[in-house]
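You will see two complexes here that share chain A, one where it goes with chain B and one where it goes with chain C.
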Partner chain A sequence: MKFIERLTTIDRRIIYLVLAIVVLIPLISRSPERVRVMPPVEKLYNAVDTIPKDKVLIIDFGYAPQDMPELEPMGFALLRHAFEKRIKVLALCLYVQPLGLAQKALTEVTEEFNSVAQTNADSIIYGRDYVFLGWQPPPLIPMLGMGISITNVYPGDYYGNKTDTLPLMKYVKNYNDVALLVSLSAGSIPRSWVAYAQNRFGVAVAAGVTAVSAADFYQYYQTGQFTGLMTGMKGAAEYEELVETRLNIKKSRKASEALPSLTYGHLVMIAFIIIGNIGYFVQRKRRQK
Partner chain B sequence: MSISLSPWIWISALLSLAVFSFLYKDNPFYRFAEHLFIGVANGYAVTFYYHNILVPTLFDPLFRQGKLLYIIPFIIGILYFTRFIPKISWLVRIPIGITIGYYVGASIPATTQAFIIKQIQGTVLTSTNFQAWNAGSWGIVWSVIVFIGVLCSLSYFYFSKEHKGVLGVTSRIGIVFIMIGFGAAFGYTVMARISLLIGRLQFLLGDWLGII
Partner chain C sequence: MKRTFPLFLVFIFGILGIIPFIIPHPIVQNLDESIRNDILKILVAFALVLGLGSLLKVHMDKIKRKRENWQYSWILIISFLVSSIIGLFGGVAGAGPLPTSIGSFHFDIQTLYENIFMPLGATMFALLAFYMASASYRAFRARSFEATLLLITAFIIMIGIIPLGDKISPHLPSFAQWIMTVPNVAGQRGILLGVALGIIATSLKIILGIERSWLGGGE
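Take a look at the complex of A and B:
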């Protein structure tokens, strides 16, 4: 019985250690895991894929450093998809912290494409193919203001250029020129996009959210308020899978590479929950006797 | 294996290890990293806010370009600081009132429409909602489950009558749905936290040590 008692009093540091080892081994051994794409992610992919040439995709980069493992791969995969299909992109942030991370994603993915580009037409050019609008607080102002005029809300871009002088912004005036808005966020911002941008101006909204908040967002997908939905590292891996298999873009897939670790980590957590419950029920039975 | 030579990667890696050290027990390395993070994050936000928002959208138009209408938002903004002066601290109610008024006015119709009306529409048993599941005839089953789940969960939160009889049954069914919701949220929380650990390990083993 001492063993059973010990099960309910395992030192939390042992649990951390076991979890770390279980997560670490698949990362080093690079054991592959098949990614099964679910309908919410596939719908988002199809929505991006069918954006007309005269419309743009808005990506709201809303992730801070603590959300990077889950949301950054989504941002990279979305940008690769958009740039490969030559879909024009407007990037923006509603908070300060994501600014540097958004710039990193835009710069790195642009570099990936430009390093193999043969001509100017093949290249991804700032101002022509994408614009980084930067940050304009508070969030409600750009959400509502862009329905009237994007350049009024963002008179200057992140780099200090006047937005109305950029070629892309010559024909992108307001939400009427936006085919889809994807919000990558760890908070409730995707819901705000639905309430203000979609509800009032009819913009199609999709979201990439952290797993911890995923359960709060599925109802918006079910009602059709979200065109598509990516949740956590698994959602990011699914989008990476689609970008690789359908567009044949073979680049680093951070979320997909992490999936085996995620699976084994879950199994360990389940095992500890079962062990803890066995210990609890055995002890309770003993006390009742 | 190729260890990074970038000082920034090293600083980042050592700070990550300092934060991880809290898992063993609280210690000065962890506290240093925590305070540094809060300081840097706030410093970055305040500086960015000043240079990229206050200067170009308020100070420059008002003081350099002489656009006198900007004096109105300037004064309203300044009123926030009156709370530090006890005699006139009541003036802070003016900017707070304006802010609350603006947000409430903008949000009540929008959130009612998006979060209540649309969600009710999504719960009602209609053929459109059956098809929204994209699950063939199973769409009807899922819609009925959601319909029952919403009604029973709402009945659990009806406290004006004792939970007996029909209300007792529905509220107990409601608890089952609420618990399933909590379970899903907990499962996703585990996934999120393990993802964070994986992200840091990918950085430490990849960007820093060059093992993966």
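Take a look at the complex of A and C:
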């Protein structure tokens, strides 16, 4: 009787402690988990991979520090893929919070490539290979405005340079020069990109979203409005897997390294839910008797 | 006049917001672009200044009247002023007129962001995992058929989206994917269509001046 009662009244501190242990231990060992790539991520990878030389990829960095574990690895993997294939990138933020994270991702991935570059052509150069447009509020202005003119919406980039003086922006005028727009967001912004940028200007949109918000976005993937979709840490790990296996880029894989923590975290939560339910059913049966 | 003029403005700009989606003529498109790029940008700049001014006013007032937890308002004001000064005059990566390093110690806006804002934001959200584990243990009970169905679905998704799911059976991740792309989409789409129709109806009511609660009740 006492044991069954205890099953339904486990102290919350014990739950916290068990969860903390199972999440922390795999993070210390840091061994990347291999994953099977699912179709939504593969489609996104293929869409990025087939961007023509005269078109650009736009990445909307829409994640704040609280979404970093899931969305930052997506940003890194996308940038590595684009830079490796010499695809030109425009980075932007629709909110002020992600600016620092976008800057971090761009700086770190650029540094990865430039540290092994032998020549100017091998290097990733700001203004030639990518441009960080920064932040222009409210989101509606860039979403609609870039359909007419990107430099009109962003007269200056994040670093204060005039965008129309940057070599990349000489040929990137509006959405007609954009092959794909990937929105990495924990909110509803990918939906707005479809509603405004895609419906009105026909730009291809894909998204990277958190696992908790994934259920809201599958309908856009199913209809083809999203070219591809990455969901949560597993989606990020799948993209990392593709970047490593197909492009042979062996760099830190933050999502794949964190997957064991996620696995054990999920298992612990399932175990506690089952324990709670066993206790509940036994108590209910006794009450009925 | 106090009520008529805002109603008139909402009607005009509401209609101007709809028309460019229907009429692709260059005159309409150019007008739309000018409204967004010129007028809206200025309005947003005013709103930002007003918002920041209001934030400071509220916290100054809290300190002045020594309301509950007034000490924290000092943290907000000091953090606001320090980051504003460094952000405005220190440049993005310490390239502005204000020096943002002493020897090897850097305090440019990016360094502050990476070393203060990022850990704080991540910590706040990381706590959620613990609350979720505790709450799901206490509240997630198979009390009815619907609750049991929800519980089973949750387990399939939770195992299907981790690598272990693939090791148990290669069909499990595909089944989890199917749940997300078929039954989930069916429900979500219904909700979405309902919400969209509701938004259209409410927007039309506001544009046509039928719904006026946004005007406020004061004189």
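As a convention for this text, the second predicted complex is superposed on the first by the 285 of 289 C-alpha atoms of A that agree within 3 Å, B and C clash if a C-alpha of one lies under 4 Å from a C-alpha of the other, contacts with A are read in each partner's own complex, and residues count from 1 in each chain.
Note that in this section a residue touches a chain if its C-beta (ideal position, glycine included) is under 8 Å from a C-beta of that chain, and two chains touch if they have at least 3 such contacts.
Quick caveat: nothing in here was measured; it's all calculated off a predicted structure.
In the superposition on chain A, A:A117 makes contact with neither chain B nor chain C. Of the two partner chains, neither chain B nor chain C is touched by A:I278. Residue contacts after overlaying the shared chain place A:L27 against chain B, while chain C stays out of touching range. In the overlay built on the shared chain, the residue A:V35 is in contact with chain C alone; chain B does not reach it. Look at A:L101: by the touch rule set out above, it reaches chain C but stays clear of chain B. In the superposed model, A:I141 lies in contact with chain C only, and not with chain B.
Looking at the shared chain after the overlay, A:S261 reaches chain B, while chain C stays out of its contact range. Within the superposed three-chain model, A:G232 lies in touch with chain B and with chain C [touch as defined at top].
Partner contacting the larger number of chain A residues, of chain B and chain C: C.
The interface of chain A with chain B overlaps its interface with chain C at residues 16, 19-20, 23, 39, 66, 68-69, 97, 99, 136-137, 140, 144, 199-200, 211, 214-215, 219, 222, 231-232, 234, 262, 265-266, 269.
Chain A meets chain B in the complex at residues 13, 16, 19-20, 23-24, 27-28, 30, 39, 66, 68-70, 96-97, 99, 134-137, 140, 144, 156, 191, 194-196, 198-200, 210-215, 219, 222-225, 231-234, 254, 257-258, 261-262, 265-266, 269. Partner chain C is touched in their complex by these residues of chain A: 10, 12, 15-16, 19-20, 23, 33-36, 38-40, 64-69, 97, 99-101, 103-104, 136-138, 140-141, 144-145, 148-149, 152-153, 158-160, 199-200, 211, 214-216, 218-219, 221-222, 231-232, 234, 259, 262-263, 265-270, 272-273, 275-277, 280-281. For chain C in complex with chain A, the touching residues are 20-21, 29, 32-33, 36-37, 40-41, 44, 48, 91-93, 95, 109-110, 113-114, 117-122, 124-125, 129-130, 132-134, 136-138, 140-142, 151, 155, 158-159, 161-164, 166, 170, 173-174, 177, 180-181, 184-185, 188-189, 192. Against chain A, in their complex, chain B makes its touches with residues 23-24, 41, 44-45, 48-49, 52-53, 56, 103, 106-107, 110-111, 113-115, 118-119, 121-122, 132-134, 146, 181, 184-185, 188-202, 205, 211-212.
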